[in-house]
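Note that subunit A is present in both complexes that follow, paired respectively with subunit B and with subunit C.
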Partner chain A sequence: MSTTKDKYKKVAYYPGCALEGSGHSYNRSTKAVGKALGLDLVEVKNWNCCGAMEVKNIDPKIQTYLSSRVMSTAANEMDMDVVMAPCNGCYHNLKKAEYDLKNDQDSVEVVDRLSKKAGHKTYEAGQVETIHALDWIRDAIGEEGLKARVKKSLEGIKVANYYGCMYTRPRHIFPEKDQGPGSESTSKPHFMDDLLAAAGAENVDFPLKTACCGGAHTLSDSETSTKLVLNILRAAKMSGADVIATECPTCHSGLEMHQIRAEEQYGEKVDIKILYFTQLLGMALGLKARKVGVHENISDSIRFLKEKGLG
Partner chain B sequence: MPIHEKSLIRPENLTEHEELMLDGVDVSGHWSTFIETRIVKDYNENLEEEIGALPGGENIHRCWQCGSCTNSCTVNAINPDFNPRYWIYLIRMGYESELLRDKDIIWQCVSCNKCTYACPRDVFPEGVMKATAHWLEKKGHTDKSPSTHFDEVFTEQIVKTGKIEESRTMRRFFGRTGQALVQPWIKVMVRRMLKGLPVGMLTRMGLATLVAPKTSDWSKASAAIQEYIDEQDEKHEQALSLAQLVETAKQDVAA
Partner chain C sequence: MRTLAELETVIAAPLPTPDIEAAAAGLLGAAEEVLEHWVVAQGQTPTTDTREGFRLLALHRQGARGDASFNACRETCREVAYHYNLITMQPDHEKSAERLQMMGLVTNHLYLFISGKLQVAGLGEFCCSSKPIRSAQDTEKTMRKEA
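Let's turn to the complex of A and B:
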């Protein structure tokens, strides 16, 4: 008999554009963690961009179409029930498309028209369930399961868990969140905290879990982004963290880039490591730092990890 | 004081008499602070409708001015002039000249959606900010913002190939906005990034800049999206009466 857990053991994997570029180490560590946990990731065939913030700004319905094409491929061509997207942007956009197609007739019509012209089946709301990499590990393995598989505890590593904007806001596109015990909270998310705690890390009380890094304007309004990133870095440092754990390639590279920019432009150096949560989990599962792509990050955490007996 | 009256207490709207006696009482200096009388004649009664016709602006009419958007706003916290509630108020009033005072910062919304999260009326203030920024550009009140340039470069690449290759997007963005690609902090960043990378990864990155990643069999989707974009552009032009605007401008020049 299949259980809920089995449903998440084999999922369609949607890495998205960033994970093939600046977020490559997130891609690498997500796959490595999946492998170490015995989970099966089947990449969505011939996928396209989810539309990101940029296409949404030009026209939200085109973003809805682009995201729907990804889900249509997973559902209609690969016969998958679950799509897992580690990138907050992709995850958010697939969820938003799902919401729009369920609630807005205009979006349904535009998506249907574009899908027919493009020559593929129209995605219908409810065909797949979109989940984040956090949901995936939590639902397929669980905290207890993870605890049992830890080979090198993250003990002694103080982590500020940084979730960013797109994972929880706006709440209406995440109907499964805020459903009481066991579900994710949109105001105080805790799934990453739970998983890293299961791997032995010490989570600090970090007030800016869902603050904005200014990722939308990393390049177009660098001044604002640097200010916002500095807030996050300083708050994490003051909370006593050694590491900021991330779950989004845009946040991750935003933090790394503006950590350097703050140092270069303002001479303010905030010494804190920035690692994807999958990199931390991978090392807890006994994988080498290189296997989870720590050397591909811009910020240098290798010496720190060695001191802590990891990697 | 209603928030639109804030304009009355700007320094340029206040007068003081250095020496003034009223009914035998000396009210010189601060004691005689007056607000200049003013008459607003340039209300644009179509403003709400026009912004509501652009993507994201659809729900602006629902606002009841509770201020939750500004209260929760990420950008407001670092720049108090960034005030979504006030702008929504001005747009609904049609107080265009007052809105234009802030025309150069409205595009700076970072789309963190804290306002959308907080809004009890589903106004989607984040969308309204985008619609307002686009309205300012379409009407010619501002040049295209760096953010719009970025969105356009990005979207063009998606329409063409279905996927994004980041370094290409970055190069085109810097090109279009006339900035030098090699800014000092970017140099430092690239140097640190390359330090730890294995040769295989470098080769892969190099290849990606030559041969952009593509979604195969994309041409039909590409054509369908482009057709939709053009159709929407035309619709927005009509909603904003842009043809009329051009006509009026021509007549002004001729006169």
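Let's turn to the complex of A and C:
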């Protein structure tokens, strides 16, 4: 008899554009963790951009179509039930498309017209379930399962878990959240905290865990982005953290780049490490730092990790 | 209502720890004024109502009406309120000074987020929350050109 856990053991993997570029270490570590946990990631064939913010701001319906095509490929060409998107932007956009196709007839019509024009089956709401990498590990393995597989505990590492602003917002596109015990909270997300605690880390109380990282401002107003990141770094440090754990490539790159920029602009060096949660989990599972792409990060965490007996 | 530049100075200034409750009230007031700027920019009159005992939360709700993406600062507002409660309900707590510092950082984040939006609102589609303001400006420009 198949269980809920089995459902998530083999999922369609939608890395999205960022994970092939600036977020490559997130891609690498997600795949490495999946392999170490015996989970099967099947990359969505010929996937396209989710529509990101650029397309969405020009025409939201085109964004809905682009995201729907990814889900259509997974459902109709790969016969998959679950699409896993580790990028917050992709995850958010696929969930938004799902919501729109369930609730907005105009979106249904536009997506149907464009799908026919592009020559593929139209995605219908409910054909797949879109999940984040956090849901994936939590639902396929669970905290207890993870604990049992830890080879090098993260004990002694204090972590500020940073979720960014798109993982839980807007609330209405995430109907599975805020459903009581066991579900994710949109105001105080905790899945990353739970997984890292299971791997031995000590989570700190971090008040800016869902605050804006300034990612969308980076090109138009990088000054504000740097100040926002500096503020996040200071708050994490003040919370007692050694590491900020991330689960979004935009947030991660922003934190790393503006950490350097803040030092140059304001002469303020906030000594805190920035690592993807998959990198931390991978090392807890006994993988080498290189295997989870720590060398691809902009900030240098190698010495810190060695001191902690990891990597 | 103080200007954003004045608010930036107030929020960034070193916090006086002797009167910790007054300092927390000062930060809460500054946070409310930051939100007032956003509400005024939307062409509305800032509410005097409270929500869960805080005008700040009522102002956030007003600013987010019809603009769901403004909820990106919802938890930041709630953290300001939470830290205010922590400080004023336990003013003699050994960590009061740290709590006040953290409240300062959270308030600063709210300021940066909202002032950033306001600054670039006319420059482009940098963020979904600025869209209503930008669209209104574009419409005005088009109408002037056509006239």
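Keep in mind that, in the parts below, the second predicted complex is superposed on the first by the 311 of 311 C-alpha atoms of A that agree within 3 Å, B and C clash if a C-alpha of one lies under 4 Å from a C-alpha of the other, contacts with A are read in each partner's own complex, and residues count from 1 in each chain.
Operating definition for what follows: a residue touches a chain if its C-beta (ideal position, glycine included) is under 8 Å from a C-beta of that chain, and two chains touch if they have at least 3 such contacts.
Computed from a predicted structure; not experimentally measured.
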Superpose on subunit A as described above, then tell me if subunit B and subunit C fit or clash. clash
Just checking: does A:G214 make contact with subunit B only, subunit C only, both, or neither of them? Give me first, second, both or neither. both
Please tell me which partner, subunit B or subunit C, touches more residues of subunit A. B
Please indicate which partner A:T224 is in contact with in the superposed arrangement: first for subunit B, second for subunit C, both, or neither. both
Counting only touches as set out at the top, which of subunit B and subunit C does A:K95 meet: first, second, both, neither? neither
Contact-wise, after the overlay, does A:H295 reach subunit B, subunit C, both or neither (first, second, both, neither)? first
Going by the contact rule set out at the top, does A:M238 touch subunit B (first), subunit C (second), both, or neither? second
Considering only touches as defined above, state whether A:R138 meets subunit B (first), subunit C (second), both or neither. neither
Once the structures are superposed on A, label A:K9 by its partner contacts, choosing first (subunit B), second (subunit C), both or neither. neither
Could you tell me which stretches of subunit A are touched by subunit B in one complex and by subunit C in the other? 53, 57, 165, 169-171, 211-212, 214, 216-217, 219-221, 224, 227-228
Subunit C-touching residues of subunit A, taken from the complex the two chains share: 53, 56-57, 165, 169-172, 187-188, 207-212, 214, 216-217, 219-221, 224, 227-228, 231-232, 234-235, 238-239
Write out the stretch or stretches of subunit C touching subunit A in their complex. 68-69, 71-76, 78-79, 82-83, 98, 101-102, 105-106, 108-109, 112-113, 115-116, 119-120, 123-128, 131
Spell out the part of subunit A that touches subunit B in their complex, as residue ranges. 17-18, 20-22, 24, 46-49, 51-55, 57-62, 65-66, 69, 110, 113-114, 117-119, 165-166, 168-171, 186, 211-212, 214-217, 219-221, 224-225, 227-228, 256-257, 260-261, 263-265, 295-300, 302
Would you tell me which residues of subunit B are touching subunit A in their complex? 55-56, 74-75, 78, 108, 110-114, 116-117, 124, 127, 130, 145-152, 154-155, 158, 162-167, 170, 173-174, 177, 184-185, 188-189, 192-193, 195-198, 201, 205, 208, 213, 215-218, 220-221, 223-225, 227-229, 232
